[in-house]
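Following this line, the structures themselves.
Next, two complexes with subunit A in common: one pairs it with subunit B, the other with subunit C.
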Partner chain A sequence: MKKVTLEGYAFNREKRNSKIRKTGSLLFFFGPYFFCFCLFFVFPLVLGVVMSMSKFDGKSMFPSEFVWFDNFKTVFTNRVMIKDFWSSVWYTIRFALIIVPLCILIPLGLALLINIKPPCYKIFRACIYLPGIFPLTSTGLILLRMFSYHNGFINSFFNISVDWFGNTGTAWFMVGLFCIWGGIGGNFIILCAGLENVDKGLYEASGMDGASRWEKFRYVTLPAIKPQLIMCIFTSLCGYMNLYGQNYILLSNTPDQDAVMTAVFRIQNMLIGGSKPYGYAAAMGIILGAIIAAITAVQMTVTKERKGGDKHVRAFLDWKESR
Partner chain B sequence: MSGRSWIGKNLGKIIAFVVLLAISLLFLLPLIYGVFGSVRTYNDLSGNASSIFPTSFSAFTWDGYRELFSRTKYVSTNANEYFPIWNWLFNSLIVALGGTLLYLIIAAFAAYAFVFLDFKYSNKIFYFLIGTMVIPGIVSTAPQLINMNMLGFYKSLVGLIAPSLGGVYGVYLIRQFFIGIPKDLIENASMDGASNLSIFFKVVLPLGKSALFVQGLFGFMGAWNDVQWAQLIIGGAPRTTWTLAYGLKVISDNAESAESMTLAFASAVIAMIPIFIVYLVAQSKIIEGVANTGIKR
Partner chain C sequence: MKFKRALCCAMAGVLSAVAIGCGGGGDDGRRPVGPVDDGDLKFDPNNQIVYENVQLKMWSVTTGDDAKTQDDIIARFNETYNGMIKVTTEHISRYELEPLLDTTMQFDRGSAPDLFFSHGSRAAEYVEKDWLLPIEPYMDKASLVIDRTDYVESLLDATTVDGHIYGLPQDVHSAMVVYRADILEKNGLDVPTNYQELVEVCESAIDLAKAGNLWVRGENSAGYKATDWRKAPTTGWDNPFPIAYGDMWVHEFLGYTAAAQNGGQFVASDGKPGWNTNEVANGLQVLKDFVMPSETSENKYPLTKAYGSEYDVGNTPLRRGDAIFKLLGPWEYPRDLAEYESLMAADGGSSNIQTMSMSNLFAKDSSKEYASKVKGEGHAFMLMSTVTSRTKQCAAMVFADWMVNNSSVEWAKRGHLPSLKSVENSSEYRSDPAYDAYIKNWGSCDDYIVIQPTQHYSYVDMYFKHCVQKAMSTQFKNSSVKSIMNEEYEDCVDYIDLYA
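Right, the complex of A and B next:
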């Protein structure tokens, strides 16, 4: 029999106890989140893949048959699908291509004005950020009344009679207006903070070297706030590829519904509709997710940071050399 | 330079001031219109439509609010205009406040585990979590709905809270903050025989309060404002389980008649009040929080 000393016994026991205690506290602290993460995040992703390859009988919420890639094939080849889903994907991309630049340039302009620091600039900053914090349904309801065809404020004030939400073109314009009014706040604040952190010494140095206003902006400001700009473009692009709420709230009375539906709107409609085509909805979700990932990947490669440290300092030196 | 007049020196500031004033007013205009619309008679609203404000003293009315709070009983002849607003307010509060607090607790615990309980693969697991943030949410929308149905959370408020508990972003934010806490403090406390739980509550939590607060603010606002997920989960449920933000959409859709116009404005204002209070109290924290998302990359 192996001899066990008292010290050895105590040591081993202590080691085992501390291990139990460590595992216990890990379970206590990390367990709840890990459980939720698996159940509410990982599991739906896996389930989504299974669902996208399953057939639903249209009555229950459980898949009835496993059909491999048939759902995907239908989404890509079926005439109705091409007309409905792919046209709305195209509308979404087209709208995003217009609205994303606006959602960068307008906040950038406003942030530059704030950065001059006129009196009360903090109040202005708070006012411009304000509309975006409220529920879309609240702000949307107000816009609906304000631009209402009959006795709306805008139509009466300018003495015009435009059916803002009735025509496809003006309806999309209204969605854009809603996106700018209630959506630029975040980008605006981020860009304000970025501008605030630009090294003031560079402005002074470039000023002494006789840089014009435009040159200062081009060679000092822009390179310095590039990280913020990239982040804003990324989040706006992701956000507007998932556009839903604005269209849902403003345009439910627009006659030509097909022309104002975004891709997410289609999927959402399938999920609340009576026929319960969950298999197609899951497949479309995966396809749309892949499209969004591809678009943002392209954007990240185009706007990628070049390697190396102080880019803005280098850009400034480049500019000096080029003179 | 010294010869230039005061105006010449401050021309940039003056122009910026004027432009920003105009734009701020433009941004506030619809909100002002909405708030005054909620205390304005329908006749004034449609008769003097070109004015933002009530045009006379007699055009002021509280009827919108009175009407709104009188539609809380179900009447089968007017089922479309049955608005149990007390339930909606209560439900919104439960989802926004309860869900946020619950998430803060489990997220802060997880962040504590990541930073101070160095367990096997902790870094790998963390980077995996970060990696999942690039997956667009629409991928899991449909399966999440089925998942909620399987768990029995479909058409209930739990179904609104549960998905947010698996969120990654809060854990990430809180972890980044906890990392800044000196490890010595925790080691000292641990030497003195303090348990992890008491270290968490006595040392880490007081130091990390502000990170939790900021995350809580955004969680609250997001949950209060949510319409998209609410439409899927509770859209088919009886009206008493709706949230305010979702109920507003139905009010808005039914607000064509004369008496329901003011009511609609009133409901929009009521849904904005809690968010506005949060904004007034924590404006600087909110703006700082948004700004930090751009700086700390």
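Right, the complex of A and C next:
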């Protein structure tokens, strides 16, 4: 029998207890998240990939045959798929390219104004955030009523006759308005928090160096809130590439449905009638996910902070020298 | 290499899970179409089936006032069959019912209902999914008879797939026309009975208004009371029959009706869309002319404003006296009657409005046999494939048969005309005051047609509705109805072929 010293015994016991404590803590804090992550992200993702490579018989929600990449091939080659899916992807991208800058610039402008801290600025801040807490459906119904063609407040007030939801152009304008109205609150709060944390000493220093207001904004404020801006751009872009609810609520009666369908709306629309389209819909979802990943990768690369981060210092010195 | 192996393992795991799930489908494909055995049935000495506390669960597509009425009728059944059969109903909106049933039938078949009360025209799609059992074997077993000659042909056809009946139709409903009888009478205008007369009445009213001679009444912002007669303004009274493509009455019923009244068919013999024809185009042209008259149209004035994607567009103009006709779901008519009864209590009350069916009103040639047709939608009782107990299957048939024969006038007051001609002609049905007051104006249920059965119903229906909406939209003013239909047809068929 191996002899164990008292110190050795105490050391081993403490080591074992420590390991149990650490494992317990890990399971306690990380376990619930890991479980949910697997259940609501990993499993659907893997299932989605499997579905995208499967065929469905229309009777069951489960695949009837494994077809590898046939569904993807169809999405790229079939006439109606090219016409419907790819046009809706293109509409979504174009819309995102317009709405994402607006959903950054408008909250940024408002956050800058609030950051001046005018009287009652807390009330203004709450008011700006308020539309964001209303359910999408409620805001949609309010807009439908306000912009109703014949009985709407807007047409009556301005004495105009515009079918806001009936024509493709105005219909997209309404979706944009809906997105801005309901969507800027989140970005606004993030940017407000970012502006709050900008070191006031930097403004004083730049002021002493003779920086104008614009130059202070360009060379002090923007670099300081860059992490918040990148996060806002990233989340807005992902969000608007997955646009669905706004179009569904506002534009379900627009006659030219092909021209107002976003990619997710198109995928959702394929799920009518039975399970036969599930494979194609899953393939579309995977393709859309890949497109969004590619766009965000480009965005992250463009906005990435390069190594050797003294470029702002050099830029500042160059600017100072030039004066 | 490790990554590849891990990926393969993950795929295998998910596929195994899927395969296990596939096995969970249970008894798919079990559809007896011939006589069935006695199973767990018990018989009394007279060889009658004994029903002892048989509990049936039904999911119903009805909601709101319809649901209340249906519950009352079912309560009567439960009372009649007290101790024998009891039916409990869960009402689920049409938007949630199918997805819920889809999920239940895949993952939780034990919780599926025994009976399903939904639109009969969807039966072919449900059969395709293996949700339903053919009802004839169980009707036979329960000693009940389906008299095909007594049913509205189109309704029973809609639930008949490959020669077998999968649903017992209870009713048929459509949109109908409400008109201001007081305005027509005061101006010496007749109630129209066909398309030409409808156009003539509407245009006469517009001409009278332009000449400053049209009498109207209804509450408006100028302070007039609902019963005060006044002359319509010489400009702006140009909306005698407001309709809009965003209106449910239009895209669910009027579009189809206009097509059917001009000889259109909707489903081809192979189940694909059969609506890409000149007859259907003629029907949709009538609707386009309503909004945007052309040189060749029957009407020289638009008969409605271009309301675009709005809905329920007729209510306000009709109440204000700015219109003479409107479309409405018949189940909402009792509410309208009550509203006008109170609004115009000082002079005639609810008698100032009347109702009629859409029969003949959109047919270019009213002499044709099909000119009287109205597109309807019918409810049917369907037996779920999850029901394995023979006693339950037979009890479900007893219940469905009782409902079809006994719902009668209470259900018709909600706008659901009976599917059985014998019920429609019964004295109980015809002697009810509501029958004389308005139900009879909705015409014979024989005039109603529903979409023929097709497993591609969702696509056939969705793309046809696109055609209706585009035909009536000012955005497509310069596109011919036929070109719109060709494009939609091509897309529809491409999708169906893709999934075939």
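Assume the second predicted complex is superposed on the first by the 260 of 323 C-alpha atoms of A that agree within 3 Å, B and C clash if a C-alpha of one lies under 4 Å from a C-alpha of the other, contacts with A are read in each partner's own complex, and residues count from 1 in each chain.
In this section, contacts are C-beta pairs under 8 Å (C-beta built on N, C-alpha and C of every residue); 3 or more make two chains touch, one makes a residue touch a chain.
Keep in mind that what you see is a predicted model, and the values were worked out from it rather than measured.
Trainee: What does the overlay on subunit A give for subunit B and subunit C, a clash or a fit?
Mentor: Here subunit B and subunit C cannot both sit on subunit A without a clash.
Trainee: First (subunit B), second (subunit C), both or neither: which does A:Y149 touch?
Mentor: A:Y149 sits against subunit C, while subunit B stays out of touch.
Trainee: Please indicate which partner A:F165 is in contact with in the superposed arrangement: first for subunit B, second for subunit C, both, or neither.
Mentor: Touch status of A:F165: second partner only.
Trainee: Which touches a greater number of subunit A residues, subunit B or subunit C?
Mentor: Of the two chains, more subunit A residues are contacted by B.
Trainee: Classify the contacts of A:I272 with the two partner chains as first (subunit B alone), second (subunit C alone), both, or neither.
Mentor: Both partners.
Trainee: One more residue to check, A:K83. First (subunit B), second (subunit C), both or neither?
Mentor: Once the two structures are laid over each other on A, A:K83 reaches subunit C alone.
Trainee: For A:F124, select first, second, both or neither according to whether it touches subunit B, subunit C, the two together, or no partner.
Mentor: First partner only, subunit B.
Trainee: Based on the superposed arrangement, let me know which partner A:P107 touches: subunit B (first), subunit C (second), both, or neither?
Mentor: Neither partner.
Trainee: What is the contact status of A:L47 with respect to subunit B (first) and subunit C (second): first, second, both, or neither?
Mentor: So A:L47 meets both subunit B and subunit C here.
Trainee: What is the contact status of A:G58 with respect to subunit B (first) and subunit C (second): first, second, both, or neither?
Mentor: In the superposed model, A:G58 contacts subunit C only, not subunit B.
Trainee: So which subunit C segment collides with subunit B once the two are superposed: 5-13, 23-31, 77-85 or 95-103?
Mentor: 95-103
Trainee: Return the residues of subunit A at which the contacts from subunit B and from subunit C coincide.
Mentor: Of subunit A, residues 43, 47, 61-62, 150-151, 272 contact subunit B in one complex and subunit C in the other.
Trainee: Under the stated contact criterion, what part of subunit B meets subunit A in this complex?
Mentor: Those residues of subunit B that touch subunit A are 12-14, 16-17, 19-21, 23-24, 27-28, 30-31, 33-34, 37, 45-47, 49-50, 52, 106-107, 109-110, 112-114, 117, 119, 129, 132, 134-147, 149-150, 154, 162-163, 165-168, 171, 195-197, 200, 221, 224-225, 227-228, 231-232, 235-236, 244-246, 248-249, 251-253, 255, 261, 264-265, 267-269, 271-272, 275-276, 279, 283, 286-287, 290-295, 297.
Trainee: Inside the complex, what are the residues of subunit A that reach subunit C?
Mentor: 43, 46-47, 49-50, 58-64, 66, 74, 78-81, 83-84, 148-151, 163, 165-168, 253-257, 272-274, 276-277, 280
Trainee: Quick one: which bits of subunit A touch subunit B in the complex? Just the residue numbers, please.
Mentor: Checking each residue of subunit A against subunit B gives 22, 25-26, 28-30, 32-34, 36-45, 47-48, 51, 61-62, 110, 113-114, 116-121, 123-131, 133-146, 150-153, 155-157, 181, 185-186, 189-194, 197, 227-228, 231-232, 238, 241-242, 244-245, 248-249, 252, 263-264, 267-268, 271-272, 278, 281-282, 285-286, 288-289, 292-293, 296.
Trainee: Considering only the defined contacts, which subunit C positions touch subunit A in the complex?
Mentor: Of all residues in subunit C, those touching subunit A are 10-11, 14-15, 18, 21-22, 25, 28, 102-103, 106, 125, 128-130, 245-246, 305-311, 313, 316, 455-459, 462, 466, 469-470, 472-476, 490-491, 494-495, 498-499.
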